[in-house]
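What follows is one structure encoded as structure tokens, with my remarks underneath.
Here the chain labels run A, B, C, D and E in written order, and each chain numbers its own residues starting at 1.
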């Protein structure tokens, strides 16, 4: 089967700086790839390129069979990105944010409550304005939109950052479920060992390129411990 | 598409050079004819001689420069013909157009002072022309904003098209609402110049000459654009090298990672 | 496209209702501008009356700038603009939605301004239908052009101040036409007024079409 | 206090020079406003000449709004405003610094507007010293009041649109005084013009003092 | 000696919500206290209160001998906060940001370069505009201002978030050095074990209060591994 992601010598500029300086990467359906590397290695840029948000200057970049340089918008509709700063409307409640995202993706709103519950944003929190939520809660809400949208390619930038211990397993479970449904996942991390355990392959990045690819230690892990994702 | 210019930056093509030379000669001839050969106007006296410069300049600005800009912007936005070539052409012709637009205002004001007794008045034609200048200055401002070539091109193409909306307004301003400004004496509906023969010919010559000048200027600006893109491409090469070098442990940051003074405090 | 438009418009208006910006900030500012103009022109009432239509539309214009600014400030939260791009909404829908929201705000605003003006300057509209038609057309044009240009500068870091530079010159024609039309509606020869609708109509149409077609490229522009 | 003021002013101006907002955006907008006002008032030249001072100061006023907006947009990056509070800079210093930066921008702007105005409206300043003194005083007043109220709205997310509401009414007197003073400087009876300086002076002084005193509490307000 | 921080039943509102609902905490000079708890427990609010940024509604709140309810500004000058989102001016370079912060604190700029080097922001990066830096690099710059200012109380909100492996030890070292100079440190974390190892005491937070205080396992740890804090 043809890969979900195929980058060959992809170059992407931020301003005039080649944040991505010729990256090569291939991701197969149902695969989980973790990206590790020093600060400034180009991980975020890589994810934003794959999300179709940062334009590719040169090289080959095909995502979900679509050439990014031809039709980035088409890609955006099918991938889901969780960035360093989750993109929420501060004035809207968590619930409204999720339902807006889902309806924007052409989906019904029946999944909203389930998605929110899944990430442990229930009751009062669901109707609190996003601007008032805590760092971790905001990330949970952002995750909820992904859960609801169920994209074909999940792009998670440091998914564990500012999530509490309970939610760490949540992330692992979400990834497992996504792949179980045939989606691919690319996530960045600053904990190589932990990441390795969660991924089929791990990419080292440095100087805007993928410098090494090593096999990961991920076994099939489909049991989800109920009650993991509660918020105190 | 790659930033590497498809056009090689050879010195100006022959036609551009000739356009330049002929344009210069033609303009000189126009001035000579205008000043010495053609008869002074009954009512306006020698002031009429501005007629050989002002309208042609205006036409070049409005119809050639901004017209070309709008056209190539369209061609850029249309996927089939999308190419940075059109973006460069648009940029070049807008820059030239802005110059001619300013000249239109200048000559117009020079002319207005004696004929209307004022440098400026809030006449529809005048205002809309001034507006046009501002619009395309806005376009140039937008161009300054750093962005991916494609992104900037799209952005500016849109701006150019929207700005072009004002051109017909300028032209019909004299018809839509009564203006101090001369109605369309030459470019009127049934293209029948209502002016003296020799004047008409001089006017035509002036128009042709300025058109050639326009062509030359656009060619020059285009070439500069290409050269600029070239240097960008070169710069990219270098910065790529630097970026790769960050991967090696011998990168600039490492040495300074911790000054000895700090070890084992 | 229309579904998306409704979605976006709904979202924007809801946020407006929450933050009350349009209601509590833009509106008073617009009224204030009328007052200030009066200030600047001095108390000569006749001048005021004659200037009234122009001032009215300048106030509306300024409000448009503020409204569009706000409309894109909404999108420029930490990651929100990307959110809009990533959401997969049809750009044309985004355009229509945002324009509709802005238009709605402007409509409310004009009613209030209308009242304020008649109180302040003691001018009264004779041919109402003309004034209304002119307002509707002008509002559509303003909202469309404003939104279109808002997008142009939304990506840029100088948003607040670049926007007016881009919006104002393009809106100048509508300003001129609208105020002349209103002048007609207020007192002047009706025929004139009507003839100006011929400018407003095409302007509005042009910008809506241009927006629908070109908004996609613009959103990319970030 | 003064050290801090210099520090802040330097920082703001440097950021301005980097982003060129004042130069490329605010300036053209101001000029545009002159043009648009002329639009709105129609081609009657005499009206223009008489309205010129008022229009000039309305343009300056609008620019003040944009400039202060920008000045606080700088502080409202992700955590920057807290940064300013946490930095331990003497609030009075922050106030003076920001006001000074804004004043500097306004000064440049007015020179350009002055030229533009004489070209567009064909009005010329007769008693230059009066115009200059009036400008200096008015600028101080505008910058101070703008900065003071900018702080009020800086914390709120509606910054862009709340600011004008807060600034404009307070600035109305300075607008009035300045334009009358200029009217005097342009043509009108000199004595009048001078008498208006007596309004400008206190206004400017008042706002600088009030700012120095109240800025601390205001910054807390966030 | 009297404590650096003394909170008794401190209540702080965000909007109308009691994000801090009666917290008790005492921190001694030279002590390192880690704060852990679920998302939304009130950790960030606690730190912002201690930094004098969020007003205390009721209860006792004394920091560095100053009553927060009397004179918060005085406190601000003496404490240093590293928030979820580091507060930098995007248009200024990393170097300019740090030197502004130092001069604002009434210090000279001679420490700037050393502070930057200390956190691994050298060469090109030091003169890159902050807005263009990567998430981790921004946090490093924010850290640099703390290093330069050397506050009496360090407040670090998830200091490890989005820092690469090398920089993790950097944080540990900075904390050690700070305490060695008599400063106290309060930091939040979502890795209880790791945090425990770095702290003298650990506070559990839940529902806006400190629910438990346990002794930490921090021994004097002054050796710093060379070449840790590299930025690729």
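As a convention for this text, contacts are C-beta pairs under 8 Å (C-beta built on N, C-alpha and C of every residue); 3 or more make two chains touch, one makes a residue touch a chain.
None of the values given here were measured: they were computed from a predicted structure.
**Q** What chain is the most remote from chain E, judged by the mean position of CA atoms in each chain?
**A** B
**Q** Would you mind checking which chain's C-alpha centre is most distant from the centre of chain D?
**A** A
**Q** Between chain D and chain E, what is the separation of their C-alpha centroids in Å?
**A** Inter-chain centre distance comes to 39 Å.
**Q** What whole-Å value do you get for the distance between chain C and chain D if each is reduced to the mean of its CA atoms?
**A** 25
**Q** Counting in whole Å, what is the centre-to-centre distance of chain A and chain B, each centre being its mean C-alpha position?
**A** 46
**Q** Out of chain E, which residues touch more than one other chain, so two or more?
**A** Only 84-85, 90-91, 125, 230-232 qualify.
**Q** Please output the residue numbers of chain C that touch at least 2 other chains, ranges allowed.
**A** Those would be 19, 78, 157, 162, 165, 169, 172, 176, 220.
**Q** Name the residues of chain B that each touch 2 or more other chains.
**A** Those would be 127, 131, 134, 138, 141, 151, 246-247.
**Q** Chain E touches which residues of chain D in the complex?
**A** Chain D reaches chain E through residues 4, 7, 11, 14-15, 18-19, 74, 77-83, 85-89, 91, 216, 220.
**Q** Taking the touch rule as given, give the residues of chain B at its contact with chain A in the complex, in rising order.
**A** 2-3, 146, 148, 150-151, 232, 235-236, 239-240, 243-248
**Q** Which residues, counting only chain A, touch chain B once they are in their complex?
**A** Chain A reaches chain B through residues 11, 13, 15-19, 21-22, 40, 55, 57-58, 206-209, 211.
**Q** Residues of chain A touching chain E in their complex?
**A** By the definition above, chain A touches chain E via 14-15, 17, 37-41, 44, 84-85, 125, 132-137, 140, 158, 160-168, 190-192, 206-207, 230-232.
**Q** For chain B, which residues count as touching chain D in their complex?
**A** Within the complex, chain B contacts chain D at residues 118-123, 127, 130-131, 134, 137-138, 141, 144.
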